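First up is the structure itself, then whatever we jot down about it.
When the chains are written out, they are named A, B, C and D in that same order, and each has its own residue count from 1.
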Amino acid sequence: MSFLSDMLAAITERGRSLVDFTSLSQATPMEQTAALCHSLLSSRGEASALATASEILLRYRAMDSGGKLAFFRMLLQDFGPDMKPLVAAVNTFVASPNERAAEALHRLSEPRRQNLFRMLNQSAQGTAELIQMRAELLALLPDHPELDPVDKDFQHLFRSWFNRGFLELRKIDWRTPAAILERIIRYEAVHEIADWDDLRRRIDPSDRLLYAFFHPRLPDEPLIFVEVALASEMASSIDSILDPDRTIIATEKADTAIFYSISDCQPGLRGISFGNFLIKQVVEELRTNLPQLNRFVTLSPVPLFARWLSRHQIEDSEMDALSQPDWWHDAKAAPVLEKKLPALAAWYLTGPRDAAGRLLDPVARFHLGNGARLERINWLANTGNAGMASSHGIMVNYLYKLDEIERNHEAYASGQPVAVSASVRRLATGGARLLETTHTTGGKS
Amino acid sequence: MSFLSDMLAAITERGRSLVDFTSLSQATPMEQTAALCHSLLSSRGEASALATASEILLRYRAMDSGGKLAFFRMLLQDFGPDMKPLVAAVNTFVASPNERAAEALHRLSEPRRQNLFRMLNQSAQGTAELIQMRAELLALLPDHPELDPVDKDFQHLFRSWFNRGFLELRKIDWRTPAAILERIIRYEAVHEIADWDDLRRRIDPSDRLLYAFFHPRLPDEPLIFVEVALASEMASSIDSILDPDRTIIATEKADTAIFYSISDCQPGLRGISFGNFLIKQVVEELRTNLPQLNRFVTLSPVPLFARWLSRHQIEDSEMDALSQPDWWHDAKAAPVLEKKLPALAAWYLTGPRDAAGRLLDPVARFHLGNGARLERINWLANTGNAGMASSHGIMVNYLYKLDEIERNHEAYASGQPVAVSASVRRLATGGARLLETTHTTGGKS
Amino acid sequence: MSFLSDMLAAITERGRSLVDFTSLSQATPMEQTAALCHSLLSSRGEASALATASEILLRYRAMDSGGKLAFFRMLLQDFGPDMKPLVAAVNTFVASPNERAAEALHRLSEPRRQNLFRMLNQSAQGTAELIQMRAELLALLPDHPELDPVDKDFQHLFRSWFNRGFLELRKIDWRTPAAILERIIRYEAVHEIADWDDLRRRIDPSDRLLYAFFHPRLPDEPLIFVEVALASEMASSIDSILDPDRTIIATEKADTAIFYSISDCQPGLRGISFGNFLIKQVVEELRTNLPQLNRFVTLSPVPLFARWLSRHQIEDSEMDALSQPDWWHDAKAAPVLEKKLPALAAWYLTGPRDAAGRLLDPVARFHLGNGARLERINWLANTGNAGMASSHGIMVNYLYKLDEIERNHEAYASGQPVAVSASVRRLATGGARLLETTHTTGGKS
Amino acid sequence: MSFLSDMLAAITERGRSLVDFTSLSQATPMEQTAALCHSLLSSRGEASALATASEILLRYRAMDSGGKLAFFRMLLQDFGPDMKPLVAAVNTFVASPNERAAEALHRLSEPRRQNLFRMLNQSAQGTAELIQMRAELLALLPDHPELDPVDKDFQHLFRSWFNRGFLELRKIDWRTPAAILERIIRYEAVHEIADWDDLRRRIDPSDRLLYAFFHPRLPDEPLIFVEVALASEMASSIDSILDPDRTIIATEKADTAIFYSISDCQPGLRGISFGNFLIKQVVEELRTNLPQLNRFVTLSPVPLFARWLSRHQIEDSEMDALSQPDWWHDAKAAPVLEKKLPALAAWYLTGPRDAAGRLLDPVARFHLGNGARLERINWLANTGNAGMASSHGIMVNYLYKLDEIERNHEAYASGQPVAVSASVRRLATGGARLLETTHTTGGKS
């Protein structure tokens, strides 16, 4: 790749002498940038196109956030489809609605932005720069929903470029280049990696593995990764997994693989889903290389449980203890809450739905939609501050059972009840009842 | 890549058990295949989708040519855009022709074939199989022009997947894996490679180089390659380049790189142009690694010259010698023809245009359109049977002058006269006059 | 490695300017070379040492065979141990025969040739050149046994440099660089590889494998390789293994690995044994990757059988048929010989010993000494001209049974009877009796 | 390599079942170990030899330091040359002192330890374990000089195995596997690397490089490495080189390469010199890749200067300031000392010799012996605690001038005056005079 980059840089450099950037000097900077974009779309020479693309990206990078907003607005207004020929094509279609007319419609209704992005992509660091550009667009989108069509164009192209067929699964270990490991430290989003020693504890011992997806055009940039612990039983607590003083077991002694952390690395690729396929591919990889493994399970957070619970005004004095700091060290309160919280969590994860008919918990949606089964609710599984605050310390196991995955997946997709173990089903029933009997004024869902 | 293939194969295998292929048993084979395609488009599970895609490709491969024709017809008829929602979107657009309505048009006018191809692409050898499928479609197209929309969909996807940003330039030499070298032997289309010894003479000596483009998903399949001879002067004859007994010169003695053969390897990628960029990238590569090189030139065939000439009934008894076998060994005829044929070739290459306003010679169109200059006409440069039959033994040099390429390219694209050396210009003028004065009934063009 | 070579070449080049080669001009060429060798041993600078070593090797290469003989004689006479200090050390030892005195003896009795070879080895292609030098010495040795001490020094150093710990096992297949495959074709010594197609048939199909040992300093030079056929039974004929039209079986269908050809590649490394360890390492490699394999067996020639047999004047008219060409197509002679030849071969392989107490057949010595068992004698197993001439078409299987190898090896080493199957034992007994009863005047052994 | 290790481990495992370790149970542990060593020397089977070697190394590792001392004594006493045949060979030689008799002497005077080490070396981690074993022997040697013959055997074998021809130079950067980088942090012996951020500052910026030598059998273990700073002038202070806030310059702006740290990594390889060749090879590498560099210089410590100076009772009140803490911040003392200390250092580095006729400073011996020139004395170049304590803050530049290296090297080796710049020569003369005039009772040299 670096060879290709060097070549592109050399050609770009040669092209700069061919493009007359000075003619732009009378316009405002944004008018100049727009002129460059138009010029790029109509350019014919390799080198001048590369030089123009590179100049546009340089200018973009130098903009402050106001400038970037203006840039995206310019893309929205100036680089949609060309309306005049499109209207003509529509008229032709109305007169005679056949396949040929549809083809013309399709061609002419494509926003010119897409071609612009394709040409920007050809410059040396093009793909990385466009991912960054979209990340900044996504940050603006909540306040500027009118920019959504620009994002749609990014999505369309990224889906094609990051097609699963192009992704490469790599095992990350202590022999991996530091340039990549450094990014793993930075991108871990679920259970923070404190430093290089902490990282080593997650990739070097015989019972720890880490896998990541890469794309050929971004050879040092992981797209998504998953951390795996090998064990002889289903883990019930993240604290025990991350404990620096835990007992390391030999690879061949393990029969269970625990996926305890999945992190997306590229905000600019949001919505271009990889996680789904990553888990399945890692399962196949592990089954091939470590045939003694017979259980594949996650240890997952329940991120919105505490928030959901707080919205219900539950009239249950026993649960008031939750508002005390460190209630879980309280010998009286803890056993009581241990009877109630897991049941409520089980219900929260599997019962209520939002307006769109979806489960409330995003992690549950991901794994259950992916074909896993909610296997177990774990009490006091994450006693860190964040874990106690977001989920009262509860974590859960989703079980990927190979001969059930597809069936669960199809069942979930067609709206049937979610797959749960018998014990979780009992808990959830209890949780639902508890909620009915105790809360007076319903919170939202 | 092979790892990914294994994984895909394993998942596919698992998926087969989930898809009920027997339910298809009552329909005709083509109805079954169509049903599988519909099922693929609506499938939700990873594994069942992969199994279905794999089954479709298996069935396609097993079809005879009649079956494949029927398959493409089925794709044409059943997998265009869904007309009903498209008509509705058109009506919305007519009522209010804005960007949002255009976006709907664009989305709904996309033929469903494209998504079908995207999903077939995800199976283990998907990309290679689709390239093969298109090659077979292209062979049918002349007799079945109505299938053109299916080809358009292939083109659209291949342009995206084989985007230059994904291509990788590799030097091919005697340390390259045999699996790749074997394909180089098979794919060489200009100057046939007789056997492994012949191949070695083209990649192993210090004054011979070969570069190819690869795609990450087809790691052993060259897409296009170029053969380069290093020399201390512009070559005037292919015979001397391919001579097994020629004197090998040291790399550092050379100042000229001669591109003497460019071969496209994948008929299924016809029209997805790589050659243009390949030459420029190889020039940059050579300039970086061998800074002593200062001339980059081709030694190219003139493939249609003899055919063109034969269409003109030239009344010139001196040229009747051309119909004798081995006229070029005839001490009387040869000197006379040496005065006339190069001039006619120069004119043929630069003067006459076809109905679409294009130069007649496809190789000339490629290099001149690419920014090169027609530098020299070489007499008796290729005295093999094929060379004598197609071009009366003439070959030409196109010169890639770094600081002219872009200008020539732009000039060519805007219809200005093609770039030629002074001597070629004189020859062409002579050739035009010769033609005027001697031929009575004009041939076409 | 090539990087290291470049560096050495650059340093050598620099060193040339420092060494005054002209001062040598008055002596004879061999005196000059001797002077360079002395100068190398006493040189102190890196660069001048490299330049001197390189000059010596250059001169050696340019010598004709008479010159090389003189060169080795010069090494013998001028570069043995320095006798004067050695005699002094011997006297010290005689006076007081302790460890310290022994150490001095050891140091001073080392021929100076060894240090000379060590310094020659440091030049860019040093190792390869020294291997070539020894190959040429070995060719001279039969007529010049006095050069044996020079060979002893080569052996001593090569044993250290080609210590097993430095060897690297590589699988050779159709993805291997052509530069290596070309050598495999050239070096195959048992069953000639006709061309690249023949090579491909031995490394590309799912039931064919080839493994070679390499040394880090000679990355493209195989040292020894073994060809393996996977099958579902013990092969009884090389013709069926090499048949281009045979049925290929899937890897996972095989339960037997047949080692049908082992070739040493470097004549200059004769006596530095690798074959022993190669077979065992390949067995481990196969067991790890293809656990379904449960039988490891050779298909081996019996190279000296026909010669041995001809030395016995056997008075048996039935065996006279052997002198007819193509006797094995003779419907009368063949069945008779089939009863006698295998028995004689079994006896030849396991019974008679030479003056040194060794088995007569070198291949038998290798495999039986290596721990294998002589399992089966195969009739008409190699009907090529060479096979019929050397062994009347007989080949044999040596079986490597994992839990027997060490025991057999130890038994063989301590002079116990060789390991054979029951059926081979019966045959051998019959062969011995046949010989007793039929031959009148004994041949040697 | 890891593949080879796996194979060796598998064979070893198989061998364990063949060796009857229980028969050893009656002896003391050290008697058992000695018996295993004898058994290894006489073993015939591959597997049993590997199992025995592995068992010996296991037992060695488990010994406490008393046990290890006993182990080395056992090697000394039991595994020297076999005296009986050696005495016979000596007698033969005395009777007839020829080459053949010398060869026998050489063979029989080799301590059996060498063969023992060769066989231990063949086990999976053999080389690494022997290096560790020698490191522990070296630590015992000062108190147990009688063990020196054992060390001699290690040296002899290591010189052969770590022959320059086997070493591989690698560039270490931020893309290097973390397993190697971690060792770089650990092994840096001159200017400590504080953490991963500090490491990154030394290998990632465009003006910092690090090169290391590796051996094929120890692929993740650097043997020695050198750190290089690129600059546009000869550095006069380590503080400025290591400053985290320094200005980074572009590679192509630099004309000087500064070798500011060289660290040996393997105590067990002490005396097997690599540094000499490392510097020269890195110089060639830099010259090839960065032709704009024209100055190669070290920034080196003067480790024993302060100790040397303190041994002279200098009667110079101005120099008493040296005993104050932080004297270099004292506006009165500092300028005075700046006049005297550099001169004394110049003299210390180039003038006095020890009993063996060698320069006093080990770093000076290394670089001057290597062909460099002492170019400059730098005042207040290392103001860290260690630097002030050992050398009063002085550091020096040794200049590697390509066309002088060999000449200087030869001159040094033949005892001529060391190579110094004119300014250093003047300083040294001054320093010598200063010493003469001021000190009364001479310290040792």
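Please note the rule applied: contacts are C-beta pairs under 8 Å (C-beta built on N, C-alpha and C of every residue); 3 or more make two chains touch, one makes a residue touch a chain.
Source: prediction; values computed, not measured.
The greatest centre-to-centre gap from chain C, using C-alpha centroids, is found for A. Inter-chain spacing, taken between the CA centroids of chain B and chain C, is 50 Å. The mean-CA centres of chain A and chain B are about 39 angstrom from one another, to the nearest whole unit. Remark: chain B and chain D have CA centroids separated by 59 Å (rounded to whole angstrom). Residues of chain A found to touch two or more other chains are absent. Judged by the touch criterion defined above, the protein chains form a single closed ring in which each chain touches exactly two others.
Interface note: chains touch in the pairs A-B, A-D, B-C, C-D. Within the complex formed with chain D, the residues of chain C that make contact are 1, 3-4, 6-7, 10-11, 14-15, 18, 44-48, 76, 80-81, 83, 86-87, 90, 93-94, 97, 99-100, 102-103, 105-106, 109-111, 118, 121-122, 126-127, 149, 152, 157, 160-161, 163-169, 216-217, 276-277, 280-281, 284-285, 287-288, 371, 402, 405-407, 409-410, 413.
Considering their complex, residues 174-179, 181-182, 195-196, 200, 220 of chain D touch chain A.
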